[in-house]
Amino acid sequence: MDDSVKHYCGLFGVYGHRDAARLTYLGLYSLQHRGEEAAGLVTWDGKTKTMHAHKAMGLVSEVFNEQTLHQLPGRMALGHTRYSTTGASTLKNSQPLVVTYAKGGLAVAHNGNLVNAYELRRDLEAHGSIFQTTVDSEIILHLLARATNASFDDDLVECLHKLKGAFSLIFMTERELIGARDPNGFRPLCIGKLNKTTVLASETCALDIIGAKFVREVQPGEVVVIGPSGMRSLWPFKEQSTDLSHCLFEHVYFARPDSLVFGESVQAVRVKLGRQLAREHPVKADLVMPIPDSGNFAALGYSLESAIPFAIGMIRNHYVGRTFIQPAQEIRDLKIRVKFNPIKEIIEGKRLVIVDDSIVRGNTTRARVKSLREAGAKEIHMRVSCPPTKFSCFYGIDFPTKKELIANTLSLEEIRKFIGVESLGYLSQEGLLKAVRQPADYCTACWTGQYPIPFGGEGDKYALEKTSGQGCR
Amino acid sequence: MDDSVKHYCGLFGVYGHRDAARLTYLGLYSLQHRGEEAAGLVTWDGKTKTMHAHKAMGLVSEVFNEQTLHQLPGRMALGHTRYSTTGASTLKNSQPLVVTYAKGGLAVAHNGNLVNAYELRRDLEAHGSIFQTTVDSEIILHLLARATNASFDDDLVECLHKLKGAFSLIFMTERELIGARDPNGFRPLCIGKLNKTTVLASETCALDIIGAKFVREVQPGEVVVIGPSGMRSLWPFKEQSTDLSHCLFEHVYFARPDSLVFGESVQAVRVKLGRQLAREHPVKADLVMPIPDSGNFAALGYSLESAIPFAIGMIRNHYVGRTFIQPAQEIRDLKIRVKFNPIKEIIEGKRLVIVDDSIVRGNTTRARVKSLREAGAKEIHMRVSCPPTKFSCFYGIDFPTKKELIANTLSLEEIRKFIGVESLGYLSQEGLLKAVRQPADYCTACWTGQYPIPFGGEGDKYALEKTSGQGCR
Amino acid sequence: MDDSVKHYCGLFGVYGHRDAARLTYLGLYSLQHRGEEAAGLVTWDGKTKTMHAHKAMGLVSEVFNEQTLHQLPGRMALGHTRYSTTGASTLKNSQPLVVTYAKGGLAVAHNGNLVNAYELRRDLEAHGSIFQTTVDSEIILHLLARATNASFDDDLVECLHKLKGAFSLIFMTERELIGARDPNGFRPLCIGKLNKTTVLASETCALDIIGAKFVREVQPGEVVVIGPSGMRSLWPFKEQSTDLSHCLFEHVYFARPDSLVFGESVQAVRVKLGRQLAREHPVKADLVMPIPDSGNFAALGYSLESAIPFAIGMIRNHYVGRTFIQPAQEIRDLKIRVKFNPIKEIIEGKRLVIVDDSIVRGNTTRARVKSLREAGAKEIHMRVSCPPTKFSCFYGIDFPTKKELIANTLSLEEIRKFIGVESLGYLSQEGLLKAVRQPADYCTACWTGQYPIPFGGEGDKYALEKTSGQGCR
Amino acid sequence: MDDSVKHYCGLFGVYGHRDAARLTYLGLYSLQHRGEEAAGLVTWDGKTKTMHAHKAMGLVSEVFNEQTLHQLPGRMALGHTRYSTTGASTLKNSQPLVVTYAKGGLAVAHNGNLVNAYELRRDLEAHGSIFQTTVDSEIILHLLARATNASFDDDLVECLHKLKGAFSLIFMTERELIGARDPNGFRPLCIGKLNKTTVLASETCALDIIGAKFVREVQPGEVVVIGPSGMRSLWPFKEQSTDLSHCLFEHVYFARPDSLVFGESVQAVRVKLGRQLAREHPVKADLVMPIPDSGNFAALGYSLESAIPFAIGMIRNHYVGRTFIQPAQEIRDLKIRVKFNPIKEIIEGKRLVIVDDSIVRGNTTRARVKSLREAGAKEIHMRVSCPPTKFSCFYGIDFPTKKELIANTLSLEEIRKFIGVESLGYLSQEGLLKAVRQPADYCTACWTGQYPIPFGGEGDKYALEKTSGQGCR
């Protein structure tokens, strides 16, 4: 994967632990890959009856220190990591959002993207709502606050019912921690237990880091309410019959390989993708090499299936982070070597199979191929562990626009020439689906254009695109 | 004045200058004394149709730098300095607040305190409003957004009409800069001109810093709308007959001596207070000394009237700011010397008249008197340029609670003994009022308990006190 | 005083207090006016046998916090505030300097300027010394380390004997705290006592802040050694007969008014300067006004002598510090109003006597006069409490070069016209000397060009000027 | 490798490029693994005749930004990354050191450890040298400055001749960039070319990042002087016959796998170590897994030789860096999961071969084994790609003390039990040496105790240990 696909959001919540903030801090560390540009943590301290919050731009390691954690007391905590557009004005958009309303304090963190955000917001504004951010979560809070049912449970059901699109949510009230997933199940959300403490997390790797046991996923369409008397479920969408549409890109790229997502081991799916890729696009070669680390498991799969030896032929510099200073024009084209250095002694004179999870814009892949060629590769065969990415995602991934996706502007042969390889093989749609157990339960819109949730005319779409990128979806 | 009275807020707005943010930055510098704990600046850039904002905890010099000012383009700007309670959670309360709603972008900055904030907020929450801060300004924005008139002017009139209490406000919409003052005229707000640029500011010293000419004050009850076609006025309270109640404490302590406030020169009022003090409480002494800098002008007045020579007998260390590290217990009682050092050579063997603007808790005054005594003062006569402060303020000043005000717990003689002086004289209520031209137009509630705007029963009052200190009032 | 004369250095040392670092931190606060650009603090902790140091660019309040003070344990401490040229490379020049050499650990802090620095350094380099800084203190350390006497006392005497020029020094060894003054006594250095703790400080105001009692000054030519068995004196220059040459500019401008310096009260000298000024340059006027705060006491003296009322007619903005962002060209000429604002109500229609301690380049004075004129002053009579400053200082003050000093390029009448006043009066040389008790004991080189310590030919002078500004002198 | 072995230093120098500082910044990025705690960069700007330096604690990405690079003009640059002990006082020890002396400006950066540092320093101090740091480099500078030859080349030869131990050095004078290596060739240093620019670097990966071509290594005992007239060599040790003793630990652990070091590809040596390990310690197992990333290539070698499939069974969290906040005691033992998370689906029920490059203290290995066991591993066979580490290094590696090295306190069987594995196999000494082409040219002291450069009695050794850890060796 090159740099052009932005990650989105990671969620983590703790109910019933005296060190709730620290557990959440750890959880956010393991969800850092889901959002590198801002982090936030909110706790509820029953005594002072106040929600304590700390949010800032930056990595988890930059946002929190001993002092800030000390100022987050309480036995309930909710944390969030997010991708966001750059700029000074975006701190306001960082999550969790925290408000007070008629029923008390309330915090929410969101992963996903509402397709009816524009209509909902326009409607709320028409009724006098004010918006201090541009994130969907604020819409959800307004809907909750305007609900007038006797119980919070009923408010929640009424509010969620109005949402269309992809949403995994964690709410924190003054009494309860609540996880919710849209009926399609686009984004993951799981439940864990650490002794008497209950945990909600985007991925199971966040349970592992604190030693919590995986209990189960929050079901698509389910609302899980965790409170003093245990855990109960609400089903706001039970009368609907919604087909599942898990995001298959979570397996291909987003989720951490050591996570369980949608009931399957991410690394295992990736190995299967690599094996299938070897079956569909065999080639005579000396070595199979991943683009580290995104291609690691698919490359292992390709190697296992093809019996071509697996090799680590590029070293990734993990120190190169967000604050890297671009060199002046004259030495600009060195850029790729900064993050990845090919090992000449391994590559020289070899026929290579290079495996990655996708080609988005193509420039980064092209530059890497060039540096392998300079290191002496005799042949380079590129293999991609999913079909060509051609369509925008409206359910939570911030791809480049359709025009920028190379698969929309060039033919397969043109892409092969552009990136400069001897052969290029994408995994087929059928091959892709073979890697998961329940292929019918997945969304493949970014490859097929078949969107599981329709959205109206061009007007709507324009609205969505106009506001896309403003928030964490 | 000792440290126990918190300043409150300073407002500054610019309409029609290509360097609007920099002018506002300068304006905020001169209003720093009205709020040392947070600062914010919002601009409107007609091209990108976005409000740009930068807010942070700290002094103006800490909050802004070249880079942040560069990111605030536009010809309209609105800035705010504020006092706030300490703690990590308070950034959210910093002003100006910026929102979008049905009619576009909107920013507001507030100086004062609504006495019906609790009712308004409860009512808004009952109708589904959510609150992300605890400042009154957010209530005002909700009211504006819920108004359903044809024009923004009408919305404004409807909204302001609902407010009770003290408010000087500056709004910034996508087209106009708007200043508003409550009909009592509690807090100051003035209009200035710099060539074709119009400026609004809490005090005239902020006009001086940018070389703007003072035009006039925004009238009590007036709304001044500054837009492409010039300036016009709205009068939301015209059917009411409201007595004026300017805050006399602005003259006694808050405002900068080089400002014009409520039509009078602050330093001139202070000199008159000092002269009257000398008439009411004459004493034989060698020197008249101010507590620098709060007592400077009253001491000058006392000296002029009494013909006792004026002296500067204490040096104030202006480097001691918010980040001072408290020494360990053993050397804790050195504290007072850190900020003020008496000059032994001046004081030794002398009979001193010490002039300050108030005694609030008494501890600081007591410590200063002690250090003068140690420096060899033969006699110390304390003179205070206003009557004993006995009552809480509900219109925008954050005094200590009634119990903490020394004048409520000790008699005059007991206070004299507590602070350790040979004689103690407070200015009389009559004497106080003589210093201003229109005494009937002032609020003197903190000395008399006669509150110009009543508030309901104990319930209300409790609500107010519960939330006092949460916002900038 | 305008901004063109740079302050130089403040020294503070503590012997025998378990909170030595915190006392020194306080002491540095009160010596901040002697050097605003860097601060350093070194302690000796007998247990770990290590000197602990913390130095950084910035004000005392910026350089130290709880954590850095915690890391400075020990019963001996040495601190320094300094002026330095700007730029990233200057941290290396910040003091105290700390080294180890054959006899153990050693720290030194310096106020003053050696006139034979260039020769000493050239000679040391010729013998193989390396220099990591450009401050004179490093030369002194090299000389000490190269001394080969049996005792440290003898090394000290040998080393100091070689120094020519102005030096007040504090050394800290592993056993003793040592204060030294050049035989001319150019710069001040005093001894204080706080119970059993001994303190050395540049000015007595630093004793006051920690409640220490003033004992006496370190004598010119004296070395005071404070150790486990009390205090003893060395006299390295006893065979010389050196005339005293205290820096009179300390009284006129540098020292804090609440300090005792060279046996006299600074404020008292300034009041006398002002009285004499009134005698020499009387004028019919309505008000006497200081340029705050540098002209305060001279203005008081002028007022007392002339019986013209004293007034505070300009408000100084103490929030404007080192980080002020310059406004764009268009609003650049507003600059002066940022720091000082004249009070129109006081000034309008009045004949003013304006008192300041000096005119260096003239631009700042000119701008202030202009703003007073705009505020309506009818007449402005400028009075300066010392003669025209015409000569560079080689003993520790960083004046502009001779060419930049306005008194060298313009006649009195031309200066009067340049700054734009009705009359201009400088104090006479005789008048200046009348203000101190022992006029013969003072250096007046910056006014007279009579340098008490000669320096060789042009070569030397060039060397000095070449390196001037590199260190803290 | 667990965390107990500290890296040491990386060197990078540029001669003749207008963007010398930026190239060095990039070079330091690729040498970050050799020192994570401080970084420094010095440039020489022929025009202003000044060395510009910027040094600070932290990673390269934290130490430098656009502004600091802008302040480092010039066509020559010298950079350094280092490990150092923590604490506020260590900035002074960061390199390059920069001084001026009789012959002008001089900077030096050092990788290695002098065994006669104590004697040299004692001798220099006895002759009056002062030391401002505790790094060996300062000794070298003193020696250079005290040399009195006609030419700098002769000074250099005289100075280097006195050094005993391990040293790769880069000097920068006002005219030349100079690389030097001790005659044993302990530490690497190589020469590269980028068009007309010459580069010196600790490892070839630093040439790759800027696209420079590898020319050759600086020879053991060679001094390479790069100046206006090209490159020439000096041979200060030519009369000596010194056996080579390259640090074999560079291949085993320190150097980056994509570097060439001592004429061999680091990754290739590691693969050979793994193959030999498989031959020496075969076992029936299902998977070969590296401890990422230190065991990667040895594990690949083991897998290739044994034909047991290679697997990635632990995910390393690269976001966990120096600022990680330790969780409270209760959740402390979660620590290991923070950095490494085993993948249960891969491990469960499997017989694993775990490959790492060493076991130092043993605790970290034990914790990782435990977490693999919890993830369901059926059998765990630990394989280490070098012999047991038993002896301290005096040539530049900061191992724990002998007592802390687990191989000195426990037998093989005891270590096996302690870390909790079914079998444990260390590579033999013979096997280790087979992996390199010229085994006789390597130092193996940390495994064998056979030190190529002897040092005197216990006195000396104590001195070395006393000062060990103070500097970057």
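As written, the chain order gives the labels A, B, C and D, with residue 1 at the start of each chain.
To be clear about the criterion, contacts are C-beta pairs under 8 Å (C-beta built on N, C-alpha and C of every residue); 3 or more make two chains touch, one makes a residue touch a chain.
On a predicted model such as this, the values are computed, not experimentally measured, just so you know.
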| item | value |
| --- | --- |
| Averaged-CA centre spacing for the pair chain D and chain B, given as whole angstrom | 61 |
| Centre distance in Å when chain A and chain D are each reduced to the mean of their C-alpha atoms | 37 |
| Overlap residues in chain C, where contacts from two or more other chains coincide | none |
| Category of the chain touch graph - line, ring, star, complete, other | ring |
| Chains that touch, pairwise | A-B, A-D, B-C, C-D |
| Complex contacts: residues of chain C adjacent to chain D | 50, 52-54, 68, 71, 87-89, 92, 97-102, 106, 125-132, 141-142, 145-148 |
| Of chain A, residues touching chain D in the complex | 19, 22-23, 25-26, 29-30, 32-33, 59-62, 64-66, 69, 205, 208-211, 256-258, 260, 265, 267-268, 296-297, 300, 304, 309-312, 314-315, 317-321, 323-325, 327-328, 330-331, 334, 337-338, 341-343, 345-346 |
